[in-house]
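What follows is a short report on a single structure.
For clarity, chains are labelled A, B, C and D in written order, and residue numbers in each chain start from 1.
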Amino acid sequence: MVIVMNPDATREDADAIVALIAAAGGEAFVSRGVSRTIIGLVGDVTHFETLNLKSMRGVADVVRISTPYKLVSRENHPERSTVRVAGVPIGPDTVTLIAGPCAVETPEQTLEAALMARAAGATLLRGGAYKPRTSPYAFQGLGEAGLRILADVRAETGLPIVTEVVDAHDVELVASYADMLQVGTRNAQNFTLLQAVGAAGMPVMLKRGMNATIEEWLMAAEYIAQRGNLDIVLCERGIRTFETATRNTLDVSAVPMAQRLSHLPVIVDPSHSGGRRDLVLPLTRAAIAVGADGVIIDVHPHPEQALCDGPQALIRDDLDELSRAIRAFAPLMNRTLATPEPSLLT
Amino acid sequence: MVIVMNPDATREDADAIVALIAAAGGEAFVSRGVSRTIIGLVGDVTHFETLNLKSMRGVADVVRISTPYKLVSRENHPERSTVRVAGVPIGPDTVTLIAGPCAVETPEQTLEAALMARAAGATLLRGGAYKPRTSPYAFQGLGEAGLRILADVRAETGLPIVTEVVDAHDVELVASYADMLQVGTRNAQNFTLLQAVGAAGMPVMLKRGMNATIEEWLMAAEYIAQRGNLDIVLCERGIRTFETATRNTLDVSAVPMAQRLSHLPVIVDPSHSGGRRDLVLPLTRAAIAVGADGVIIDVHPHPEQALCDGPQALIRDDLDELSRAIRAFAPLMNRTLATPEPSLLT
Amino acid sequence: MVIVMNPDATREDADAIVALIAAAGGEAFVSRGVSRTIIGLVGDVTHFETLNLKSMRGVADVVRISTPYKLVSRENHPERSTVRVAGVPIGPDTVTLIAGPCAVETPEQTLEAALMARAAGATLLRGGAYKPRTSPYAFQGLGEAGLRILADVRAETGLPIVTEVVDAHDVELVASYADMLQVGTRNAQNFTLLQAVGAAGMPVMLKRGMNATIEEWLMAAEYIAQRGNLDIVLCERGIRTFETATRNTLDVSAVPMAQRLSHLPVIVDPSHSGGRRDLVLPLTRAAIAVGADGVIIDVHPHPEQALCDGPQALIRDDLDELSRAIRAFAPLMNRTLATPEPSLLT
Amino acid sequence: MVIVMNPDATREDADAIVALIAAAGGEAFVSRGVSRTIIGLVGDVTHFETLNLKSMRGVADVVRISTPYKLVSRENHPERSTVRVAGVPIGPDTVTLIAGPCAVETPEQTLEAALMARAAGATLLRGGAYKPRTSPYAFQGLGEAGLRILADVRAETGLPIVTEVVDAHDVELVASYADMLQVGTRNAQNFTLLQAVGAAGMPVMLKRGMNATIEEWLMAAEYIAQRGNLDIVLCERGIRTFETATRNTLDVSAVPMAQRLSHLPVIVDPSHSGGRRDLVLPLTRAAIAVGADGVIIDVHPHPEQALCDGPQALIRDDLDELSRAIRAFAPLMNRTLATPEPSLLT
């Protein structure tokens, strides 16, 4: 942390800050320049932030220079992590395909979507039983009945389940069915929920808030990590911008940026970012090429009947093309399509 | 809802849509132009939206023309509403000043802030016992101990309490202390929480999500209303934009826009939007002049010691000026500074 | 300027920077902390910026701490400036009403609009002869014929003219008719044009780019000032955000922010920011209450026939109300409605 | 164009619109539904837009349903175009690598950069002689001296030149040296300049305005096309969002979107969008994978000495990796690295 003093700040102003920092158990180094004095602080930055240094006399600016997240930071953990979901790796050596229906509607639709997904190379099944919807009049998901359908489909297809949880008090229930918990974009700063999934002892997929900076996204991950859970997969799903031609703007740059700042795997959701079926394939290719550790895709056997986000769901034919693209692009990134680890299959 | 067909759509394409809408219990009116056919739909729009009309053959665009919110809409409720919080009105005839500390820290700090607020004309006390913080390492609020402090200060000052609730399962507890529940910007799409406060039988202040459109904000209010609670006050608190000189960008236009679209009162938070103490006064004046029904202000007896958002808190001297400004500007808007209603004081 | 070194930067890395800065004629002060070294630079920051310090080994971050604009900065010019346009002041003691048609269409329409404006208290006439339009198929303005109409209307009404110039090579021509040159939002980074109006020897109204930060806006003003022209009035006209309910989002906070950072007057355009006639009055009140030095308003005798931006133009009845509002709110800001200076009327 | 009437609009309101449209030479089809009347318009939409229909009594909304651009639209030109720059194709069958220094500084630096670019597979040389810079105190380019350097380097290397023009009145001069004119992001709505390059009889690269929607970008292209020049290459270079970790946010989705809406080639600038050297390679891969027709890259022999945008310039080693990546990814898109056409080499 660096404090920049005003040009007209006095020596006493600087001394007051040095004394305050010393009292707070830190050290302050004063640099007096011709036009300004600059004070570098060393110690517990989180504590310094509560000191309200900007309100001190003579202070022009306070610049934080270390990252506010620790456990998910790559600074102290230079090797990139691999998260395993029921034996399926998500990490730097693979491209993991997660696919399934946006919302679980019926056993038939879910099974059919899962079979489509598996045929395309997916090794994890996505599907929502609890759906956060902008309108209270829209389909909100089947709840536990949906979770039971997912479990049945897992039994039939062998695909582990990734499913969203929207309330801290549902975590235990959802975790009793799921293999990976998903925190959605609208809950990216629901800190109670983040802490609850952090305590659930199960891998978590954390979608980026549609208005979250990369730093805020990593801070949200830090909430989960702080409860002892480092099995976190970050998911870029588009941010809100002025452009209205697409539902959101997929921020591909965020993938290498987050991978540089954090050791956690980073995947991409090309379905929700674009909001258009015809964008899913090009955005999937872009995701792999930019270095994503996987993609999560909406599929639906009959998107024209979908109760949620039908316009962006892939159908059977799209999936063949998607599958071919992933298999063609992954090797160029020195990756293979993720498969369950052999040891776990015995 | 209007469906715009592609220039090369066939008569059969249009007929298929008419049939689908009829099967869904609605009516479809076909307009055949020289270059395009347009189909107007009448009936249950929410149901039509699940039909995934965009996926139908020949469809170029689907345009929704009615508002997706009903209970909070002004269309069926032309008169603007007044919400009463323990006898204090928030509505079209008054400017209500809500003030207090961002976070409850100690009994002394809270009482001192409340007395400052009351002296300035505030008739409702704000103060957070549960604080959603971006960093897991930051002060998260005192929880129930903070609520007890608020209750004590209410007993001493007579100021009803507005306080934030961050989790659906805390609603009952918080409501047992509070006079008005606040839903914060980070929870503006936490639908479980919205439904819970909707069922709490107590006035709710709903902050706009920092990335929420006005329509999404009203949809969030609709979630609350749908549970039977129409005592909702909307609070504009700044949106996230590219500008970094201020913490957020106060969207003053949203005040008259929301008042035109909804019958609910709309207040402004000039403290959190600007994030700077020196902006609170000018933004408060702007809020009143644009037609806000009230303002909610951070005050702190000693902002340099605040555990949360100290840089934006007003001190005693600022409050005098703020109070004078509100008293000067309100009459020009044909409003008075809100006071508790006489009948409730006897 | 402060250079923050990486935790693993060596003493040689810091020495290399000190040597580079010394060679560039500056001074570098090194602060060695426990975890990081920080180097404060003193000297010609603009020159330092060309040194590409971020590419030096061991550098984590380079933080600029002084403002990049000088001539328009309030740091060296603490008193706020008043700009006079043919005797009409725009500055801290007045609220100046500028009004007129968005585009000059006919002599009759322009005169009628000017008379409406004058009756409402306007002392400057706005009107565009050159219109930057998003579509090449839209009305682009009358060009010099429009300027002649404006001059005729000035002769008839006595109102000095504010009109836009869109190309550096038109500056001389436009300046031969105008009393104040306007640079529009789409040209806010047309540096050739900024330099040309800077050399024109005439007051300039500089609209904020719809995607410009406050700092970039002031840098654009610096371009004008650098050519010797400090008669610059800044005009906030809304920024582009994700909100689509309004044409742009009026950033009222930018008014006090720009006034704090710069000595230049700051006015507001409530017509173009909202893009809706019903927002003009509330946004005008907000502008005055937040401290704007004036407002610029679209008026049209027959907006339903306007060739440009009709939906936001005020009509006669609106203007009466606007005029009353300005006269009521200005005194609360210790301002009067601007009138031409007496000395210039003799 | 569709007009949606208010629920309480009368039959007379609708009749008035029908009459107005008829008088304007169009046709209006009225659909009367249970709750609303909808009127579809057929005819000259640009003319209808000047009618200010939103101001008519009873009108709730006016929805434009046809694209406002014609010449660059893919509707009437289904096959994607290839633009040839001195024999080098930019189009659907190739990936064209354009590389060179951001700014021309010296003959040596430009030649060295050009040789690096050519070795990496670039077949067009970029380099700026006129630099639009946010600060008037920053290096503004060498002007015509820079153009002469470019011409000399072209003579030596055989690489045709892409260079920026910032003012309509420089177009003739710049075109006398260049092979392709570039319009930069800050001039994306400088309509005078757009028209001037449209009349220059030379291929144009049109960067997307950093705040331009895809539609506005295509409208800017339409300005150029309207002057008879359809040799336009669109260049996505990042948009301005709330994220500050990268200079701008590369909108990869805009590539397939623009290619769907327009027949013009679309390339990507991964250097300026990210603003970081370490992002250039991943963003280049993403650009090719999403379907871009080429990329334009900053290279510099000694970025630490660059006068402009050094932090994002690639050096020799980076270029080898970039070259390998392009050659590996292009075939997966059924493209080859663009080379000058044989017939032009004889």
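Everything that follows uses one rule, which is that a contact is a pair of C-beta atoms (placed from the backbone, for glycine too) under 8 Å apart; a residue touches a chain by one contact, two chains touch by 3 or more.
Note that the structure is predicted; figures quoted are calculated from it, not measured.
Among the pairs B-C and B-D, the greater number of C-beta contacts is found at B-C. Chain centres here are C-alpha means, and the one lying farthest from chain D is B. In terms of their C-alpha centroids, the spacing between chain A and chain B amounts to 27 Å. Centroid to centroid, with C-alpha atoms defining each point, chain B and chain C lie 32 Å apart.
Averaged Cα coordinates give chain B a centre that lies 40 Å from the centre of chain D.
Looking at chain D, residues 211, 240-242, 244 sit in touch with two or more other chains. Across the interface of their complex, chain B is touched by residues 46, 49-52, 54-56, 68, 132-140, 166-169, 186-187, 189-192, 195, 209-211, 216, 219, 222-223, 226, 240, 303-307, 310-311 of chain A.
Of all residues in chain C, those touching chain A in their complex are 2, 4, 7, 27, 29-36, 38, 40-42, 60-61, 63, 65-66, 75, 240-242, 244. On the chain A side of its complex with chain D, the touching residues are 211, 213-215, 239, 241-246, 249-257, 260, 273-274, 278-279, 282-283, 285-291, 325, 328-329, 332.
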